[in-house]
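Both complexes shown next keep chain A, but they swap its partner, so chain B is in the first and chain C is in the second.
Let's turn to the complex of A and B:
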């Protein structure tokens, strides 16, 4: 298989996500998330360059500003204010989660091989496996973490994966749709962040394993 | 003619490169701490001093104590001939990657025996930590070298690191992740900073230096030399990986490769000094988390070499 730089950037994003899962420190997680999103913005820019579709440059710039700069900035502000530094994790120790997500990376390659190519196009195999791996990695992060903030980061990683899949497999979505999704993500992160803030205020912790029982 | 020149150069490198690299690490650390520091050649003077000094050996030790240092040093010399850590290393038959990894394990075994033999508490502490660390770091070294071997379909190290058939862009991820994995692994293997602080004076927390506590004089000289040689061999191996990445992007002549492999070792030494100056020693509990990153990079290389079927 010959890899182009375009596909390598996509795989780089998946690798950044895998490295993100391996650390329990929320700040490291946020930095790696920002790196992964920057790579996805670069991927969008490369797509615009190769297909000569200028409006994707705007999408790339918006992703960079909103998801790679704005969202990590906001979340790190929240981390500072609720005074939670690291996530002990549940179910599995964090290094093992990282190794598990590499196995899922291999699995996502096998899955991508099974996918039917959309009519008239050639399936971008590396892009598809990177995208599916991003979704798996985000899912693993949401499943194995204790702190609500890590779940937000895991969710954002899954969102990145779905975006990457749409970008690499189709001709890209219309700009209005991309912008709408970006706005939704921003709104979602804002609400989730403020909710984490409120939960911390009323329960004195944001441990999701202890939020299973209802009370008055 | 060329082979004679490179062989002479290689043998010279075995003897002066460890000392200079250790000197560079010490000098960089001193400058970063705002001191002028000893000269880069200070390890040479230290060796001369140790050579002249007498030796104090504990009364209770057996023959194992002194012979294991000699075994270690000779195993390390054999390794330095087998491992392709410089681009101009002469090719020797039998440099199998499994043999090389087990020779490293053999050295560790004898270092641990040497530390346990005098029966001091500090040595035993260091030995138990070394055993634990080596157990954790071995999979990453194995998997990363095996991933390279898988993609070339051979287990001979000089065939893997021969700069033949490079130029594939697809080989870049494998070489890069193996290089990072080997560097992280060698930080652990050499008990350098994030795992162990080699300059601390608290024997309770040290790993490698605690095991050498009972050595003195020429014994200490041999042990230090073996450790220095292990440092340059491991760093050199990871530099070779990065050089393969470079060769995939732009072709280089063999003269440049030789210069860059020497420069790369010095650069990694400076990088080590930087890491040791800005970071603190990890909690012992956190060490597996650090080592897991090395294993991750090697697993990524393994996945890349397996699923892509890349020919290097």
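Let's turn to the complex of A and C:
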């Protein structure tokens, strides 16, 4: 099976995400998240090149600057200050989560086959399965980790998957919408990061599974 | 131009408020700005509200129809009332045993105004993309309201609120993309996110994608609305926010999320398979009412009690949306919002005076401050739908309508859920109001803190006495399900 560069980059992002859940070290997670987002920015650039839609170059640049550079820098600053290096995970051991996410990648392919193909678009299957796999991987990361920061990274991975899905299935959302979403995600990460800081300060740990004071 | 007008005052005031150092003055300024904003909103939307115009189009991707206009006004009223009361509330807080930092109160004021802008944006968006952006912005701007007290509990509630709602809303984004993709299959060249366009071509939308999109959006916005079983953030957030903040969350934010579900449902109702919206909304709504009724029985916190009562009302509104009746949805929303805002503000007074939220320790409010006691009882009864308050009529109409549609089980389960809720609320109410008060409970300016709640209770009463059920018969005929 010959893959075009466009498809390879999309699947590369999904593989980077799978490698990301395979490690419990927050630094490794963050690096793999940055790599995955860089690949998504490249994918957007390739899309702009192949479709001759210049405004997507702008979207690609914004993704690179905000999500692949700015957000990881901010999160790594937080990791440095809260002095937490790794995430022990909840129920499932980390390697098992990675294997599970590989199985989910296969499932994503099957799900992508079920989708009606968008008109006039070739070879959309690889992109769609990579996108769905990213969403699954992000969700899995949120479900199986303890540390607040891993939850943020998981959420960002999910959001990357949703963006990739929009890019491959719908030829991208209108640019204003795309920018608004980026702004919201940036705001969300800032607030969540600051809250993680405060959690560390007042609870002296950052394990969100232990946040169980409030109940009926 | 109209858009600028709608957001100029709150945004300007949100920046300006940081420059006003005395909290007393800042509070008055913010409350004044909220009332001016209400006047601006009314001036802008009154042609649509009175039916002189079909809809307003302030900008290409924005549209205000009659229901949206009504909700815009309701939101502005809720925020204006909550902020007017907040002025007295924060004065007491600053003189209380655990005074917050002055900066924190400034942040609350600024965020409330921006929160109002983001909620107004939800009602005027005609694009599903902008709708999503506005809803996510409401989450981000209301998170500081929940985090107000800076305690461990507040931190936990804020974290849960932010993460659960963000993940839920992420699913709604996925749903939005599915609907966008559905429009590209022959319906509209290049696809469209505009709700008005999508409704117009709904029968041509690719159905399997539309169905997926609807389900994802429903779950996503449903999380934000506190639909069972995705409601877990709601009682925590409502209980930890300061009373005016809880009032805004319950009285304005929940309507916003439900309005999104209404918009998406409109597209499905216009498509080839309208029953999808009907089934999903009615089922989720009924389950939410029954679950909330059961949860209401064993509650230990005063504000958590009202939070679950909000969830019960969300269920009722979902049923109204499922029945396809916009006016009924609004009637239930307006009655719930007004009564619930009064109730949360009064609960704030009671909690400040007695220094605890625990239901077991709150007694004898009637003896401490009879004005509060009477208003408290009236607004609690208004929320549970006792005649002659307005909620009785809207609940009655929802039940009548579901019986008309031959939804016997829905009607029976709704009655069971509502009765459970009523009994539970009355039980707790009796304990709070009657009995002998604990020593040291001192009411703070009982009259000044009762002005806004009494106006709201009066409004509920007037709504109950003047709403004519016949008004709704006009809309019953245009029920899109052929029933």
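Quick notes on this structure:
As a convention for this text, the second predicted complex is superposed on the first by the 206 of 216 C-alpha atoms of A that agree within 3 Å, B and C clash if a C-alpha of one lies under 4 Å from a C-alpha of the other, contacts with A are read in each partner's own complex, and residues count from 1 in each chain.
Rule of thumb we're sticking to: a residue touches a chain if its C-beta (ideal position, glycine included) is under 8 Å from a C-beta of that chain, and two chains touch if they have at least 3 such contacts.
The model shown is predicted, which means the values in this text are computed figures rather than measured ones.
Aligning the shared chain A places chain B and chain C next to each other free of steric conflict. Counting residues of chain A touched by each partner, chain B versus chain C, the larger count belongs to C.
Looking at the shared chain after the overlay, A:135 reaches chain C, while chain B stays out of its contact range. In the superposition on chain A, contact is made by A:191 with chain C only, not with chain B. Of the two partner chains placed by superposition, only chain B is touched by A:99; chain C is not.
Of the two partner chains, chain C is the only one touched by A:199; chain B is not.
In the superposition on chain A, A:88 makes contact with neither chain B nor chain C. In the superposition on chain A, contact is made by A:151 with chain C only, not with chain B. Our summary of the superposed model lists a minimum C-alpha distance of 24 Å between chain B and chain C. Residue overlap on chain A between the chain B contacts of one complex and the chain C contacts of the other is empty. Every residue of chain B that touches chain A in the complex is listed here, in rising order: 169-170, 172-173, 288-289, 292-293, 295-296, 299-300, 303, 306-310. Within the complex, the chain C residues that touch chain A are 127, 129-130, 132-133, 136-137, 139-140, 143, 147, 151-153, 155-160, 162-163, 166-167, 170, 173-174, 177, 180-181, 184-186, 190-191, 193, 206, 208-209, 235-236, 239-240, 295, 298-300, 304. Taken in their complex, chain A has these residues touching chain B: 1-5, 8, 11, 15, 18-19, 22-24, 94-95, 98-99, 102, 105-106, 109. Against chain C, the residues of chain A that register as touching in their complex are 115-116, 118-119, 135, 142, 148, 151, 155, 158-159, 162, 165-166, 169-171, 173-174, 176-177, 180-181, 183-184, 187-188, 191-192, 195, 198-199, 202-203, 208, 211, 213-214, 216.
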